[in-house]
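Please read the structure below before turning to the comments.
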C-alpha cells in the first residue's frame, strides 16, 4: 500500500514538476518515486510492516502481490528511463507523459493486490486509460493516432464485456468478493448457467486484454503504431498486471468451476500459439515481430492458468518477469537504433556501433527463444514442467511452437550479429540508458540464480 | 414503497436479465455494425448501461446495496472513458478530418 | 579441482576479448593448455574403484527438483581429455590463419569448451540439457561470422534440426522428472517406467536429440552442408568434439535410463546406424569436394560407433569410447589436411587438384599417415576400435555385422581415392608451400597419439572398463525396477 | 397486473430506442435516442426502487456524458454523415455475432437457477440515498478515493490529446 501511494504521489509531483520547464526534474521525481516504491516493497517482502493500514479489505498485499508489484515498478522504472531521451524532445508534455505512465503503474499495482471486483475493475481502468492516451502520444503521427483509437475501442469494448461477466457472476453468487465468490461456487450446484455465462464473458474480456487469439487482431497494429516506450509498457507492465489479476480470478474465484473453463482455455491456447508463431515468421518490423512474439508468449503463459499447480503464481511471475526484461532490452535497442521504419534489418552491424547494445540484444533474443541459462529458458521450463502431469499434450504442442519460433528469433539474432553493408555511425548511449541496459542484462541472466534465495 | 414489490408480482428477475441481455446484444451489434467512431463509443456506453441495469436488478433482488455501488463505479469509468475517447477522436479528426474507422487502416500493411 | 573445468574456459573466454590483437594467439593456446593440464591432473588422481566422482553435489532449487550435481567417471574423463586436448590443437592448427588472432573467434572456442565440458560432467538432467543447448550458440556464431559466403541457409537448417532435436529431449526430461523427485542422475535412473508406451516416447525424445547430432541416417541431412559451409575450425569442432556429445549422451543417459524401451528399438536403431555407415561411405566415394567427402566419411565412421554402443556390451562400449577418441583425432587431422590445401590453392575440389606430393613431400607424408589411420590399418588406434565394434555388432546380428564390415573396404576406397587424386597425378596447380611449423606440430601430435593408442589400446580400454561395467549395472537395475 | 404492464411498456420502449441508436443514419439522432434510452433505463431503476441510481444515471449519463457527445459532434461538424454503408457481409456477420450472443445467453438463462435472496430487514431501503451514502463513505471509501486516480489520469490524458500544440498554430 505504501508503494501504491508513493507511486501515485510521484506521478502527481512529476505533473507539477513539469511547470518548471526542467525535464530532468520531472525525470528525477518520477524515478525517485519509483525507487522509493521499490524500496518500500522490498522492505515489506523482507518482513517489514506497511506504514499505511487499510480498513478496507478489497486490497490486500500478499507476498505474491508484492512480488508482482516489485516487477511492475522495476519495469516502469526501466521504461521511463529509456523513454526519457524521447520524452525530452517535447518538453511541453513531458510531465503528462511520465505522469500518465506512473498512474498506469499505480493501476497495475492495484491489479496485483485486489480481493474484490471493485478494486479489480478500478485497477484495470486506471491501468488502461493512461495507456490509451499514451499510445497516441505521438500526436502528429497518423499511425500513433490510429493505434490509440484502436486500442481505446478494443479496450473499452473489452471492459464492457468484462463488466457484463462480472454482473452475471454477481447474479450467480451474490457477491463481488473473490473469497465469497469462491465460497458460493463451492456450495452451489455445479451446472449453474449464470455462472458459466459470467465466466465466459470474463474469459473473453481477459483474452482481449492480453491479446490472445482469436481476440489478438488489434495487438500488432497497436504495438506497431504506438511509441516504443508505450509498446514496451503494453508488453511488459500491462501483461504482468493483467495476468496476475486473471490468475487470481481464475485460480481463486473460479477454481471450483475448473472443469468448465479449462477445456476452452486449452483450445484457445493452442490457437494463440500457432497464430502468433505463424504470423511472426513473415514480419520484417521489430515492433510487429515483438507483437506477434508477445502473442506467442501469452500462449505459453495461458498454460500456467490451465495447469493450475501449487506454484503457478510463482511460475507466472517468473515467466513474465523474464519476458519483460527481454522486451525492455529490445525496446531500448529499438529506441537507440532509431530507425525510421523500425526494420529488423536496421539492427545489422549493431556490434560495431555499440557492443553493449548488441550483447543485450543477443541475450534478449535468446531469452525470448528460451535458450538455456537465460531467464526465458527457466521460465519456460517452470511453466512446461508444471503443466506436464495433467496436460502433456499441451506441453508438447508448446514445445513444437517453441521450435517454430526459433526461426524468426534466429532472424533477429542473425541481424544483430552480422555486419552491415553500409558504414554507420556508432551509437552513443547516455549514462541512464547504459545503466538500464546493464540492468536488463543482469535481469535476463541473473533471474534464475536468485530463485534459491526466494 | 409502491414498487418495491416488483419481484413479487408477475415480473421476475429473469425478465430483467432478458432485457439487459437484449440491450447488451444491441450494443455489441452496434459496435460491429457501425463505422463511425463516435457511434461506436455510444454503443459501448449502451453496453455499459445494460450491465448497470443487470446489476441494479440483481442488487434489488438480493436486497444488497453493493450492486448499486458498483454501478456508480461503472459510471465513473464510463465518464472517464468517454472523456478520453472523445479527446482521441478530436485528435484524430484534427489530423484526418474523419471519424470513419474504415479509413484508419494504415497499420495493416 | 573439478570447478576449474568451468572457471578456466569462462575466464579465458573473457580475457581473450580484452587482450591486444597480437597476443590473442598466445593467450588462446595458453588457455587451452591450462585446461589440458587440469584435465590430465584429474585423470592422474582418478581412482576407478570409487565409481562416479562428484565434485559438486548439492541442491540448487529444492522446490523444482533442480540440483547441482557435477561429476565424472572414466568415460567422462576421457571425453574431457579429448575436448581439452583438441581445443589447443584446433587453435594451433589455425595459428597461421588470421582467424586465430580474432578475439571473438577465440572467445567463442572457449565458450564452446565450457559447453562441452558441462555436457560431459553434468549429472543432472536439466544441466545436461542446458549445456547441450549452450554449445549451439558458439558454434552457430563461429560458422555465421567466419563461414563461407553462402552459409546462411545451411546454418538455419542446422540450427533448426538440432533445436528440434533438443526440444524433444527437453520434453522427455520434463516427462521423466515428473516421475522422479529431482533431476539428479541417480534419481532419473531409478525411475520405474512401468508404462511401456510412455517409456518408449521418453526414449524417443532423447534419441531424436542424439540422432540429429550424431547424425544417424535419416536425420543427417544438415550435416554435409553445414560442414562444407562452416569455417575449418568450426567443422573441426563439430565433427571432432561436438558429435561426441551425442555419443556420450547415448552411453550416459539413453542406455541406463531406458533399457526396457531400448530392447524393442535397438534392432531398428542399429539397422539405421549401419545404413548410415554404408550410405555415408558410398556417397563419399562419389564426392568431388574434399570437405564434403570427409563429412560423409565422418557420417560413416560415427554410424559404426553408434551401432556398436547400442549393442550395450562392455566390450563394444569400451571400444566405442576408444573409437570416439580416435575419430576425434583423425577427423581433426583430415580436415586440417583439407584446410592446408584450401588455404594455399583456394580450392578443395578433387578435379582441380593433383601432384601435390611432389611439391610438398612433408605434407604428403603426414596426409598419407592420416589416411592410413582413417582406414584403420593395424598399429593405428582405429584398428582395434573398429575391430571390437564390428565384433560387437556381429555378435548382435551377424548379417548386420557383415554389412557394417563393408565399411573397411569402402573406407579404403574413398580415402585413397581422395589421396590419390589430390596428391599424385600431373601437377596442375601453382606453387604449394610445404607445412608451416604449427601445422606440422598438429599432425605430429595427432599421429603420435594415434600410433601410441594403436600399439597399446589397453591404456584406454582398461581405463574405461570399470566405469562401463558400472553403467551397465545401472541399466540392469532400472530394468529390474521397471519389472 | 399493472406493474407487469409498466414493465413491458418500459422494456419495449428501451429496446426500441436502443435499436434506433444503432440504426439511425444521423449521428445527432443517435445521440438523442441514446439520451431517451437512458431516461427509460432510469425509469426501470425507479421501478426497482433504486431511486438514487436513477437520478445519478440521468445526471451523469443523460446530463453530462451525452452532452459531451453532442458537443463533440457539433464541434467536429459530424452531423451530416450518413449511416453505415459497409459491405453486406459485414452487416450479416454483425447480425450473426450479436444474434448468437443473444441466443446463447438467453438459452442458458432458460434453466438458470438463481440463488435465493436472503433479504435483510432493510432490503427495501437498499437503494436509498442514505443507505448508499453510508456504504460508500464507510466500507467502500477506498475505491471511492481510488477512482480519483482514474479521473486525474483521464483529465491529464484528455488535456494531453486534445490540446493544440504550438507548432500547429504557427
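Each chain carries a letter (A, B, C and D) given by its place in the written order, and its residues are counted from 1.
Just so it is clear, contacts are C-beta pairs under 8 Å (C-beta built on N, C-alpha and C of every residue); 3 or more make two chains touch, one makes a residue touch a chain.
No experiment lies behind these values; they were computed from the predicted model shown.
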Most central chain, Cα average position: A
Chain at maximum distance from chain A, centres defined as averaged CA atoms: C
Between chain A and chain D, centroid-to-centroid distance (C-alpha), Å: 30
Whole-Å gap separating chain B and chain D, where each centre is the average of the chain's CA atoms: 4
Mean-CA-position distance for chain B and chain A (Å): 27
Between chain C and chain A, distance of the C-alpha-averaged centres to the nearest whole Å: 43
Chain A, residues touching no fewer than two other chains: 118, 122, 125, 129, 132-133, 136, 139-140, 148, 171, 174
Multi-chain contact sites of chain D, meaning residues that touch two or more partners: 105, 109, 112, 114-115, 117, 140, 143, 147, 150, 153-154, 157-158, 161
Chain contact topology (line, ring, star, complete or other): other
Chain-to-chain touches, reported pairwise for every pair that qualifies: A-B, A-C, A-D, B-D
Touching residues (chain side chain B, partner chain D) in the complex: 1, 3-6, 9-11, 13-19, 21-30, 32-36, 38-39, 41-43, 45-46, 49, 52-53, 56-57, 59-66, 68-69, 71-73, 75-84, 86-91, 93-94, 99-100, 102
Contact footprint of chain A on chain C as seen in their complex: 60-64, 126, 129-131, 133-134, 136-137, 141, 144-145, 152, 156, 159-160, 163-164, 167-168, 170-171, 174-175, 177-178
Chain B - residues contacting chain A, complex: 13, 17, 20, 24, 27, 31, 37, 40-41, 44, 47-48, 50-51, 54-55, 58, 62, 64, 66-67, 69-70, 73-74, 77, 80-81, 84-85, 87-89, 91-92, 95-96, 101, 104-108
Chain B partner contacts - residues on chain A that touch it in the complex: 117-118, 121-122, 125, 129, 132-133, 136, 139-140, 142-143, 145-150, 152-153, 156-157, 159-161, 163-164, 166-168, 170-171, 174-176, 220-221, 224-225
Chain B-touching residues of chain D, taken from the complex the two chains share: 1, 3-4, 7, 11, 14-15, 18-19, 21-22, 27, 30-31, 34, 37-38, 41, 44-50, 52-53, 56-57, 60-61, 64-65, 68-69, 72-73, 75-76, 78, 81, 84, 86, 90-91, 93-95, 97-99, 101-102, 105-106, 109, 112, 114-115, 117-120, 123-124, 126-127, 131-132, 135-136, 140, 143, 147, 150-151, 153-155, 157-158, 161-162, 164
